[in-house]
Structure formats: structure tokens, C-alpha cells
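Handing you a structure now.
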Amino acid sequence: MSNLASGRGALFQKEKVDDLRHWVRENKPKGLMSKVMSEQEAIAKFMTEGCYLGVELYGSVRCPMSLVREVVRQGIGNLRLAGQGVLENDLLIAAGLVKKLDITYHGYEVFGISPVLRRACESGEVETVEWSNAALAWRFKAAAMGLPFLPVRSMLGTDTFTYSAAKEIECPFTGQKLVALPALTLDVGLIHVHRCDEYGNAQIDGISGFASEMARASKRLIISTEEIVPHEEIQKYPERTIIPYYIVDAVVHAPGGALPGEMPYVYWRDEKHMNLYFEQAKNAEGVEQYVEKWVRGTKDHEDFMKKLGGAERFEQLKAQATRR
Amino acid sequence: MTEYNKSELLICTAARQMADNTICFIGTGIPMLAAALAKRTHAPNLVAAFEFGGVGPDLEKLPLAVGGSRTFHRAEIASSICDLMEAAARGYVEYGFLGGAQIDPYGNLNATVIGDHDRPKVRFPGSGGANDIGSLCWKTIAIMRHGKKRFVPKVGFLTTAGYLDGPGAREQAGLPSGSGPYRVVTDLALMGYDDETKRMKLLALQPGVTAEQVQAETGFELMIPDDVAVNDEPTDEELRLLREEIDPDHLYT
Amino acid sequence: MSNLASGRGALFQKEKVDDLRHWVRENKPKGLMSKVMSEQEAIAKFMTEGCYLGVELYGSVRCPMSLVREVVRQGIGNLRLAGQGVLENDLLIAAGLVKKLDITYHGYEVFGISPVLRRACESGEVETVEWSNAALAWRFKAAAMGLPFLPVRSMLGTDTFTYSAAKEIECPFTGQKLVALPALTLDVGLIHVHRCDEYGNAQIDGISGFASEMARASKRLIISTEEIVPHEEIQKYPERTIIPYYIVDAVVHAPGGALPGEMPYVYWRDEKHMNLYFEQAKNAEGVEQYVEKWVRGTKDHEDFMKKLGGAERFEQLKAQATRR
Amino acid sequence: MTEYNKSELLICTAARQMADNTICFIGTGIPMLAAALAKRTHAPNLVAAFEFGGVGPDLEKLPLAVGGSRTFHRAEIASSICDLMEAAARGYVEYGFLGGAQIDPYGNLNATVIGDHDRPKVRFPGSGGANDIGSLCWKTIAIMRHGKKRFVPKVGFLTTAGYLDGPGAREQAGLPSGSGPYRVVTDLALMGYDDETKRMKLLALQPGVTAEQVQAETGFELMIPDDVAVNDEPTDEELRLLREEIDPDHLYT
């Protein structure tokens, strides 16, 4: 149909479903094998300069911050990034590692606009293509379903559509106008979970955000976890496995891995530290100092936790956690 | 009568727009307080839903993030963004709250950029769930501060669909029939939309404000009916609930 | 594209997404209210002659058999039916209540072909349109997503496609051929769960089959449950709510409701009774006798349970249940 | 050497086709026993997956239904049909077992009807998951009893795609590249498919069977290479495992 529009944004990630199938067949481990490794190993092993990255959930909630900090430490740059983001994507942009951003929402929620994003976009350093929150989740869902696209009813009639890489289509049954979203496959996905076994069978407490879809849309999936539990624990409640082992490439044991954000039912966010970040993010020098001190200036996650106040601080935050 | 501030006025006005026994998409900030207030007054069965999966939390403590644990504390459901947005697509979600940097006479919103998209003068956070909420919920309620720079004849970037360019435009674009902008709540007034023209219309003034003042702070011609109501001031009970029960630490008010 | 094929099967259920949205807005209860009622009330209230019905899972596993038997007792006929089926759809067909069947699999699994289906199809009594198991689940998923169709990669190149009501389309991004499945909305869906509260917030243990999708694709959803638990129990583990209250119209308390099939972790199937059914199903007279004795000849589910052997038999079957 | 029956022969032959460290879609019956046997012999890390959501059960007791609790007993995952079929669509599932009333030279299968679809002579159960498995898994293994009525030049109803009408046809139809029929296991022989023509080819004879016998029981010309292997008989250990551990109640054998 000639009257159907196409978004003018670039498709930052191009993958053919059939190619992915072949890649999965060759590269993903189908048997049970231990995938436990450190942040350093996991990031070094699976992330490459210029790769397309996705992080779940938000920077302030159940977000694999220990993995994100390790990406910054290793300085893996020219990243293409999917995202709704708060602290995680902000940190990557602040560290100068991001080139292209499939943006949905990037800000500090109740704390307002991100000055880091503003500087990066207004200077032209980061190129953006627009999507809605659900559209991005549905793009992951398309990939998770092994499909090249999904039809949806969002984004119609807006500049969000025009500055996206979506297309309008007509329903073959009803003739109604729909938006076709191109599947989005991540080169690397990072997800923080409550518990998993050494093989990667993972459980999440509370909302799952877009973990299920993003995990399945990731070529390489690194999960960090508050707790590694015996395999038997997983086998006892197999309906709780939201991420199956066969899509997981690395399991990183990271208690406090979501800090300074919260981990539902486990610990509350470190409001003091978040305020510190938001304060320093106001200008380029401030945020650079933050990155130097808190990320590059910490050897690893353990070191970060120590700097944050060690076991004592961690226990305070645990005590403030929302209870069931 | 108790004194109140602008935030409290916005919250009370917004709370009164929501009917009981409905599901309402809530973001952090004022909509959350409005929902919590509505639940404690005229709409005890109002269901607060959060786009990342929480449905029906007790809102005993106010969430600081739309995916935070307080959005599903003692909730019925803690699912996922797809599940919630798809429920909205199926017609289950009556209200959605929206905000933005700019709004136009048809209720279209800009939350993306001022200036050229690829080299913007100001970069805002982007659509987030707003575009989906504006597309899929039955009615949207925008909460804004009034002002000429915010109420503009045409938004610089159309992030979230209002009535687009007028009657029939949403349906023509493929958006669900019968859905669209419902109310705009500001510190100066409560506005709705004219059934025929789909243009913004003054419904009620905030206490002490005149229609002329509202028009003067609006960058396009507002439809002003002959008799414009005046909103009731926040009641003592509403203010007590807000200050003592809902936001005792005054994080938001 | 002129070279794209269309299935020649009839679309047994025609619903426009926008019409459904309006129906949902007017008819579904959005607030919390008790929906507890008996099988008799639920079926009488929500099922009508000629309606389009769907039942989950299989007749031999977690299937709302007490509800299905009540449909037979009330003799609600001219049904259009979605299905993979074992005992449940078989019973409805045996009772002469089914006119049209969107068939995927209908048989007795290890016990072979269904003579009931054979008689109904070979005599022309029941009209069938073909789908695959996943295609049917994906048709529910399309409706659950509020979409008029979903693209998939099944059914391509086969008579299963030709005798379906699907259409071929081309991907707007890759040009590849895909099958477009029309969304399938049920007038009434029946699902048996492990537990729910009086409002309908429901949990399922073990696999969820296609419960999540089918529940969301149902205009009227009747759930039967082994156990009605206090609301607080649901609120404690909200991530376990696979069926949210707002899509539920009736909650029927039916311990043993899946019998003679199994309820995972609760009771094993009544093999003796299933064999009895399979034996009687071999000819029209036999199955009619079965229906007379075990369905029409029982007043309600309690009466059926008594006839099956009462508490003693139920305890035996519970003792044989698969454990976690 | 221990005596064995036809079912045991089929099970042992099927078991040997599966490689270790792969995921395999299993239906009830012979495939299940084959998977259980493979896991106890050459493929300890073979993962049995059941289309309604069970992945990796211990198969300590044999399931009687593809959705039954034994398909997820001490499993890694108990999810849903969409989740499993979508994993197959993404390329995770190496093998899928199929059966049917008829098979043709290209491995197309009929499990739907004999005669006119709308007024069939015989109505079979229908595709079930077979069409999906035949579309989405990398390799399918058909298990059949040999016979001229079953091995036909053209299936009366094409329920599940094999190579359709020859080389390139699957890809042309939109099916995933590189996927398709892999083996046919019968009581008389093991067959594969010719790389070039995609037609069924004799690979190995069951013990005591001749190529002539196989051809005589096949309703189309079978490709018969010059040297055809002979399958090893079921070993004592395989039979012991089957009879004592896997199916001690002889439900299937």
C-alpha cells in the first residue's frame, strides 16, 4: 500500500531471524554446564567494542549495576544501546561509551531530566532513534518469538513513529492500520535476578518488567544474581524459572549487584548515593569525578561494596527493604 | 479552611477526575498521590496499575520508581510491561496519566525534544510509556503547569497522540476508536475537549483564577463556554489525608 | 502480493479488536468483587447456545472437567469449539453439543484415536478447520495482545494451512513469507487452577500450557479451582498471579474438578475411570450410556465425586500425585 | 543375546539418532522411551522438552500425557506451549519426533484425514504440535511401522511439512533454512534423506531384514545405496535399562 508510512530512523541492529537460528544452533550451550564466573570474566568474554547492548530493568530497580560498572571499567566503547534507562545507561553515556541509542525513556524519574543525556544528545555525541516503552519491550518480544516483526497499536500518528525505524502495515484480515515493529536482538543482554542455579535457571521476585522478553532476545545473556542456589531448589519449583538455563551464557554472583538501586524484597535503594550521583551528574566534570571515584576507582564489585559502606551499610539497606 | 499549595491543588483536582471501579495507569509523582487520594475518598475500588507490572498495590508507602517494589506491595498482580500494556490494548485500562513539556489544542504532547530531533536544543527523557498510554487507554489525563511555553499551538515534536489534527484523526491513524485525551489539570484550570472539534475547552477554574488569566497563559485560543464552573478548594479532609496518611514525609507536596 | 495464499477454512469466530475493547469496557468488572458461584450458576450465567468455547489444558491434565460436565447437563448446544482435546471436547462432541471445531489435536494420546471424533467428522456432524497446537495458542496470544493478527512461521507449505483460515503475508522488513494468524477470542473460556482468591486472582503450579493466553483471549472467563485462598495469600506472592482478577467472571470451587484427569502435585488421574470412558467411547451407544450415567445422571460435581468413590477414592488418587 | 520385540527395536534405533547436549521435543510413547534410553547411554546431557512447557524432567516415571506432571517432574523449567515453540522458532531445539498415518518420499506427513477433508473416510487426531515441530525444529525423526499404505508416493493430506516437493521448497515456502526431516525409524529400516534430491534414502537395515523387503513394503522408490549398513541389535544393557529402569511396568514395550 503506497499510503503507508515508514519511520525515518536508522535500524541500529540488523539481524535476520534465519541467521540467528543458525547462530543459536552453533553457539548456545544446550546441555547443563556451570556458567559461574566473575563480572570481569563475563564482560571480557562476551562483550565487544561496538556491540548492541540491553540492560534490564531500570537503573534504580533490579538492575545489574555491578555488570554495568564492569563495562565502564573495561572501557568497551562505541556501544549501541537499547533503552529505558536511569543509572545504568546514564553511566555508560557519562563514560563516553555509547554511540547510538534506541531511546524510550531516559531520565531520573522523580528526580527529573538527565543532564548526562542532554549533553550527549545536544552535542550530537549520541545518535537517538525513538520508541515507546512498550514498543521496545515488544521488539524484544518479536525476537523472543523468533519473528522478524510484530504488529502493535502504539506509536501510530506520532513523531515518535516518524523518528523510529518502524513501518505502518495493514492487517490482512481487517484492513486496519497497525505499526510493524522490527524484532530487536541484543548482542549482549544484562539482567539481575534474585536467584539462579549454576546453570543459569533464574527466578525473579515481584514484577518481571521485560526480563522474560529481553533474555530471550539476547544472543549472549549475562545474568548477575543475589544468590546462587542448588539446582534442586530450581527443580522443586520449575514454574518459577523465568529465564531458562539454555539462553544463559554467564552467571555472576553479585550480592548487592543492583546497588545503588533497589532489589525488591532484598534491599532498599541507597538514596544517599543516588542523590550524590544526581548531584554530580549536573555537569560533565562532576560526573567524570563520580565515574573515576566509584567505578574506575573500584577494582571490582566487592571493592565497590566496601567503598559504599561495606557489610554495615548493606545491612542497613536490607533492613529497609519492602517486605512481602 | 486550611491553606494549601499548588501541588496539593493539582492532586485534589486530578483525584476527582477518576471514577470508582476502574483501572488507572499511574506514573510516579502527582498521579500516584491523586490515585491514593481518590482511593481514600470517592473511589475506594480504583485500581492503580503501573506499566512495568504492578496492579493494585496498597500504596501504603509511595513508590519512587514506576518499577519499584512499592508498585506491587500487597498487590494482586506483579507481572510485566507487556502484560499491562496488552491489557490496555484490550480495553481494560480506563485512565492514564500523562505529562510533558508541551501540549497543543488537540491534547498532543511533547516529551522528546525542543528543536531539531538529531541536534536538539533541549533533549527531554522521551516517550517512555506515554505514547503507549496515549494510544491504548480509554482516557488520558494530562497534568501540567499552565504557561504559554507549555500550551502551544503546535507541539515541536509529537511524542504522544492526543486527537492529532482533529475529529476522526485518531481512528484514521489506526488508534482505537473512542479513545483519547479527557482532561488537562493545571494550577489554573481544569480543561476537557469539545466533542465536535476535539479542541481543548475550559471546564472549570481553579479557585481565585479568571478565564482571562487562563487564556492569557495559553498559547492558543481556548474554547471558553459561557458558564465556567469553579473547582472546589481542597477540603480539610483531603488535605489531612494527603499530609498525614499519603505523603507524611512531604516528598511530593 | 498476488502470489500469497489464503487458507480456505471458515473463520468460526469473527470479532473486531475495537469492538472487543468497547465490550470489555462495558462488561468486565474492574473493581474487586466476589465472583464465587457454583458450576450451575456460572455455566447458566455466561454460556449461551451457539457460543464459541475454549477449554484448557488437556482433558487428562488440569482440565475443568466439572465445568464441562455441567455444560453437558445444561445441554448448551450448537457450540463452536477451539481445540486440542482429550476428554473434555470429546464429551461435548459425544453429547452432540458441537457444530464447529477449530481442531489442532483431538485424540486419546497414548490410548489412540478418538472414535467419538471419527464418528462426528466422518458423518459430517462436526465441521472442522485445521490448525497446529502452537498456531491455536498463538491465535489466543494475538487476542491477548489486543491485536487482530500475529505473524508466525508454522503451517507454511502444508494442507494444514490450506484448510485453515490463515493467510500468508510478507514481512515488511525482510520480505520473508510468514503466516498471519487471525486472533481468536473466546465467548467463554474455562480454566481449572490450583488456587485463587474470591476475586479470581489465580495461581497454577507446574506448566501453564496456554492458560495465560487463553484466559486473556476470553470475553467471559470461568475458572474452577482446587482451593479458594484468602486474598492476603495472593497479595503475598503477586508474581504468582497468572490470571488477574479483572479478566475473571466466575470462580467455582471444585476440588477434584480435573477428574478423571490429573491435577499436577494434587492428584493423579483416575486411570480406571479413563479406561472405562475409552472403552465406552468405542461406539455411539456406549458413550451415550457413559454420558447418561456419569454426567446427566449426576446432579452436580459433588454427586459425580460421590459416584466416583467419594472421599476414599479421592484420597487414593491424591496419594498417587506426583510430588515436587 | 537377549530376545527383543519390535517396540524395543524401534526405541533403541531411535535413541541412537540423538546427539548429546541437545534439546529434543518429545511426545508420549516411543520417543519418550528413546530419550530416556539415550540419556542413560550415549547422551547423558540430552534434554527432553515437552511442547506444553516441561523442559528437562528426570523421566523417572514415564509421562502418560504431553502436558502431564511427569513432563516437568524435577525439571528445570515448567513454562508454556508458546515459550517452548518460540524457543524452537529461535533455533534452540535440535530434534523433534513425529509420527503419522502416512509419509511420502520427501518426509511429508499425514496425521489429519484419509479422503475428503470435509467428509473424511478416516479422521485422525490432526496436527497437534507436529506441524510446528516439523516447521521449527532443526531435524525431525519420524517413527513409523513400515508398510505400503503408510509409505505412499503422495500423502493424502499434508499435515506436517517435510521437504514438500523437493530441494529448496521449504525455504521457498518460508520455512527456516537448513531445517527438515532427518531420519525415519521403522521396524524394517533406518532411513535418511538424500542431500541433493531430498528424497528418502535407505541408511541401514534392521537386523535380519533385506533391502528388497524394505522396498517391497514402501509405496515409492526408495533410494538404496550400494552398501547399506545393518543396525546393531539392541544390546543387553539397552534392554536391561528399558525393562528394569525405564519401563518396568511394560506400559509401552
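Order as written gives the chain letters A, B, C and D; numbering starts at 1 within each chain.
Assume contacts are C-beta pairs under 8 Å (C-beta built on N, C-alpha and C of every residue); 3 or more make two chains touch, one makes a residue touch a chain.
Every value quoted in this text rests on a predicted model; they were computed, and no experiment measured them.
Where touching is counted per the definition, the chains common to chain C and chain D are A. In terms of C-beta pairs in contact, A-B outnumbers the other of A-B and B-C. With centres set at the average Cα position, the gap from chain A to chain B is 28 Å. Averaging C-alpha coordinates per chain places the centre of chain B 40 Å away from that of chain C.
We define each chain's centre as the mean of its Cα atoms; on that basis chain B and chain D are separated by 57 Å.
Chain geometry summary: the mean Cα position of chain A and that of chain C are 37 Å apart. Residues of chain D found to touch two or more other chains are 54, 72, 78-79, 82, 89, 136, 176. Contact with two or more other chains is made by residues 17-18, 145-147, 152-153, 176, 178, 206-208, 236, 238-239 of chain C.
Taken pairwise by the contact criterion, the protein chains fit none of the simple patterns, being neither a path, a ring, a star nor fully connected.
Every pair of chains in contact is given here: A-B, A-C, A-D, B-C, C-D.
Partner chain B is touched in their complex by these residues of chain A: 57-58, 60-62, 84, 86, 103-107, 109-110, 113-114, 117-118, 121-122, 124, 127-128, 130-135, 137-138, 141, 152-160, 163, 168, 176-179, 206-213, 262, 264-265, 269, 321-322.
Residues of chain B that touch chain A in their complex: 28-29, 50-54, 61, 64-73, 78-82, 85, 89, 108, 112-113, 117-132, 135-136, 157-161, 164, 169-170, 173-176, 252. The touching residues of chain D, when paired with chain A in their complex, are 20-23, 45, 47, 54-56, 72, 74-79, 82, 86-92, 94, 136, 138, 176-178. Only residues 17-18, 20-25, 28-32, 143-147, 199, 201, 216, 232, 234-236, 238-239, 241, 244-247 of chain A touch chain D when the two sit together in their complex. Of all residues in chain C, only 11, 16-18, 145-153, 167, 169, 171-174, 176, 178, 180, 182, 204-208, 236-239, 324 touch chain A in the complex they form.
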